[in-house]
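For reference, the structures are reproduced in the following blocks.
What follows is subunit A paired twice: with subunit B in the first complex and subunit C in the second.
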Partner chain A sequence: MIDRRDFLKGCVACSVTAASISVAGKNAFAAGSFEGYPDAMGVLVDLTRCVGCRSCEAACNNEQKLPEPDLPFDDQSVFMEQRRTTPKAYTVVNKYEVADKNTLFRKMQCNHCNEPACLTSCFVNAYTKTKEGAVIYNSKVCVGCRNCMIACPFNIPAYSYSSPTNPLVKKCIFCYDTRLKNGRPPACVEICPQQVMTFGHRSDLIEMGHERIKSNPAKYVNKLYGEKEVGGTSWMYLSSVDFDKIGLDNHMQNEPIISNVKDFLGMVPMVLSIWPALFTGIHLLATKNKGEHGDHDHKEGDQQ
Partner chain B sequence: MKQYMKRNSNTQIVNSLRTDNDRGRKWTFMEKLLIGLTPQQYIAQAVSNPFNWFLALVFAVGFPVIIGRFIFGLEWATGGPQSNAWGLFLGFGLFGMVPLSSSGFQMGSAVEVFGRHDMEPLERLGILNGILGYFFAVVFLLVDLGQPWRLPYPMVVSWGPASVLFLVAWHVATYLSVQAAETSTSFFEWMGWPAGRTVIKKMALGLAVAGIILSTLHQGALGALSSYAPGKIHPLWYSSSFQWLYFFVSSLPGGLCMVIVVSTIVIKTMAWRCDDNFKLNLDKLHISLAKGASMGLITYLTIRMIGVAHDNKWAYLSTGWGAWWMFEIGFGVILSLILLTAGVRKNNVTLIRLGAWTTILGVILNRLNVYLITFNWKHGEIEIPPLREFMITITIYCVYIATYRAILYRWPILYRWKTKYSEYAVLEPTPATIIAVVAEPEACPSGK
Partner chain C sequence: MHAVKRQMIMAITGALFLVSSTCFGAGIPDKVTIDSIQKYYSAVDFNHAAHINTLKDCGLCHHHTTGAQVNDPNCVRCHKNSGAQAVVSCKGCHAAEPFTPEALKRQRDQVPPIYHMDKVGLKGAYHLGCLGCHKKMGGPTGCQDCHKRNVSGDAIFHSNTYTPKSTNEPKQSHH
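Let's look at the complex of A and B:
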């Protein structure tokens, strides 16, 4: 038989562990369903206007002081393949061949989600969603686990693997430090010669997007991409073709990514609270009436 | 060492007090390190073992590559994948090794919580298998992290408590300490510090229960991590409701089968180190473990099927990915289940040991499928990790094997540490008998 002292010790040990770790579970609930800051800014991207001049890429490169690209920004040969964001390019424009020999260009960069997966998956809290709407990154605490890259539904964060001593996540930060903080639109928006992008309060942009669709239903598909996707994003898109055809997942969930793990995180404090009593109870039942023979400690003790 | 013991059958190996003409003197630390051999003898046996030459070759090639990874950066070693951010180091080293290390909490709780004292001969092996698996998963993590020197950050510098990885970090750290405490009993015996052992023994139940809690959560959490990537992992391997259960439930047979596999390797290659208690009970214990593992496997099979039915994913089965999924389930789960249950029914340990192999391969294949092979399946191509990534992975795994073997050679994991001559009288009447047993590894019940 286990003596009572051992039983109590077991319980104490477990509850200490429980108490110290249940913090994790509790704070997870605080992440609740967050629909974005009321005054958050955003950008409405009307893909029907984009001509693929890549001046936004150049502006971004200049504003963020990124290294020189392999090919100059007026080189159209980059459209031969589908590119993605890299540590050297926070935004890229891709060309898509859509129905009846039409082409459509799509600019991609961080969409600045209302409830970002990168932020909620980060175990050192390196990301912040600012009240202006930007998702920014603190390179001082990043450990380099790259969970954000796994979690981002748009495959945006890139990692500067080539640096042996200070590799970091590289992604668009909405020009937060240099522009957004002071109420100015990001560099790519400002430079666009086609007025593809409109900078404004996210709530206004949603209205504007729907109005454009309503006033010209033949031109646009009836969807404002980013209004609801993964809990809503600050950057939203209008398109003349189905979003699936231009590399955006049309079946993306409307709940933020964190909601996929909420059930699991909610269970954590329960396991921590219930398991100690449950298994100590099972122990008492399993070893009942086994007497001296069943008790490990006594048997081992005798041999010393 | 096995060959050496065969040739020099009257060598006295360290397992408690000396029994030769120095009778009564305790082993010195140096003697313990060399398992009772002289330095010349030790080197002779090491050189005569072909497996050591294999290890030497792997290390000679692999260590420079590991050093290169830290000098030239991750891109040099892994190619710097932007879309499949996690490669072999985590896919195999972390996600593959951790479920196979669930043996620590299962053997600990079988003995301490459920009172299955007949499992004792394998308890320490199970726990050692646990701690080494976790420890080397952390080693793999350190190689993979961009800035490994910041590993303590989630503990002390900056908390991201809403993250599943935060939970994994804390639980693995806590559980490593729990397992270190559990394993330390053998270490204390070996060092001759009985006081330390007594303290740990008193906490045994608490540690075992803490092991169950932490394991339930972080084994599950490794699955929950993949819930962050709903559109990227192929639907057949993804279920936002059940993902953590898949990982937790499959880790149970995975861990038990790992104990079967390791103890089979041990009895074949280092029977000289095992005491009678271990050797005579092994077949019986393998059958018991196989029973547990088959229950785990049938449960796992059921919930994987429920997962497909729940989200109505049957249509995917007719695709190429579906065939691959059926192979994973067919080989890793159904075949294993057949081998294990047939082995249990027919009392055939060979079948059980085969089934244990297919089970652990199945678990590893599942983890690779989730995090590597089907990851970004919509992109249409499977990213094959570059050569250096394989070399580093193999090298670290060989360090794991070498460490594992070094500990098994020395600490009282496979044998009982005796501190009184009277114990020899009870178990093995004379030193001559010990030598006789050691000299004839065929006498042990291996794989009949």
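Let's look at the complex of A and C:
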């Protein structure tokens, strides 16, 4: 027969064992983080060079065979408002009034993270990070759940709400199909008159970016945006003003978004395997000699 | 026999190249037609003489290659006494296609590996040079002030004859 004290002792022992296993498991799952493919390509965007001509938007529309725009691409009235990427425009340029009557333009598109949150959040595995650095997606398997739109720290994936039959998530793919996989730069980079964007190996671009800051410290803020943000992105930015002023979050975490949930998700299989055994054990301990107790309980019930 | 012939041809070609490049360096053109990139815009008829008269300093556009005084602290480190170069034109150094796999490899492998690592392409060199200065000096800064857009340019920009017909429709907002 088991008394109350033995039962509690057993429970405490089981809990301690489970806790120590889960701590060990946590360390194992938290270790290691993907630093990006060694030969991945990237783009260094020097925002001090952009003049807001919108050629990149035109080239993107042409290359990706996107629908006709609402306004011509040489129409400057679009700068009256802050735009975001849409299913019809995978890249948009916005204008920012910064100090000293100075204006800065910023081109916005997918930054092609080393460890993309969109990829992590997609439960049908539509997203792929290619060895060239592009984050592409298979629209055939997309079910339109829009988890990636919520997960993306840069608010990039757009959704074709206007399509009644087949709404899909759409975003920049680094011109992967038509250009990047053949070693060519994306269309926006190629058309840019000011060479705002420099295409190259990501590792070279990091060096180049820091060299530009070093050789002209008065011109640039001392930060290469995207080198470390959310685990590093393929597209990186140089600016003459604080990145907060041009719509880029300056306090983005350096760990990939997946790190926020890795520990928890790592524990799930363990919980599934250990808990059934643990609670079965507890149940067996608690119900040992159930027959005698059962009689006892029954008698008590009768008396009431 | 063939080897000798080939060597002779190469020697003659080399001599011709040297002579022609030196002669070109000696003559300063009054007008330059910038026509190496004409995909979406027509060629630029560049009035070289007028720019020389206004600026008087070749180094503002040509760096040290014309033998002008070197002021940039980065360039001075190596090019203080470089003198005039055989090649002075923009397209002589700035690649028209700077991002091809071959160009990227060239950039990686060059000796010395640091100082010219970040050389802009030809289109970038033209625009950063011209437009940068025009902004400071009050010169024309509109795209079509220097080069008229051609028909394929209109097509890609959805402008002029290619203006969207649905321009007056209310804009859709996306979230």
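The rule is simple: the second predicted complex is superposed on the first by the 248 of 304 C-alpha atoms of A that agree within 3 Å, B and C clash if a C-alpha of one lies under 4 Å from a C-alpha of the other, contacts with A are read in each partner's own complex, and residues count from 1 in each chain.
Note that contacts are C-beta pairs under 8 Å (C-beta built on N, C-alpha and C of every residue); 3 or more make two chains touch, one makes a residue touch a chain.
Given the structure is predicted, the values throughout are model-derived calculations rather than measurements.
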Residue contacts on subunit A - larger count, subunit B or subunit C: B
First, second, both or neither for A:86, with subunit B first and subunit C second: both
Subunit B versus subunit C as contact partner of A:153, first or second or both or neither: first
Partner chain(s) touched by A:121 [first = subunit B, second = subunit C, both, neither]: first
First, second, both or neither for A:52, with subunit B first and subunit C second: neither
Touched partner set for A:162, first subunit B, second subunit C, both or neither: both
Partner chain(s) touched by A:268 [first = subunit B, second = subunit C, both, neither]: first
Partner chain in contact with A:62 - subunit B first, subunit C second, else both or neither: second
Set of subunit A residues, in rising order, touched by both subunit B and subunit C: 84, 86, 158-159, 161-162
In the complex with subunit A, residue positions of subunit B that touch it: 70-76, 78, 80, 82-83, 85-86, 109, 111-115, 117, 120, 145-148, 150-151, 153-154, 157-171, 174, 194, 201-210, 212-214, 216-217, 220-221, 224-225, 227-232, 240-241, 244, 419-420, 423
Parts of subunit C lying in touch with subunit A, wherever the complex brings them together: 40, 74, 98-101, 104, 107-108, 114, 117-118, 120-121, 123-124, 126-128, 131, 141, 143, 156-159, 162-164, 166-167, 169, 171-172, 174-175
Subunit C contact footprint on subunit A (complex, rising order): 49, 51, 53, 55, 58-59, 61-62, 68-74, 84, 86-87, 158-159, 161-162, 183-185, 189-195, 198-201, 204, 207-208, 211-212, 215
For the subunit A and subunit B complex, residues of the former touching the latter: 2, 6-7, 9-14, 17-18, 21, 23-24, 26-28, 30-31, 84-86, 117, 120-126, 138, 141-147, 149-151, 153, 155, 158-159, 161-168, 249, 251-253, 257-258, 260-261, 263-265, 268, 271-272, 275-276, 279-280, 282-283, 286-287, 290, 293-294, 296-297, 299-301, 303-304
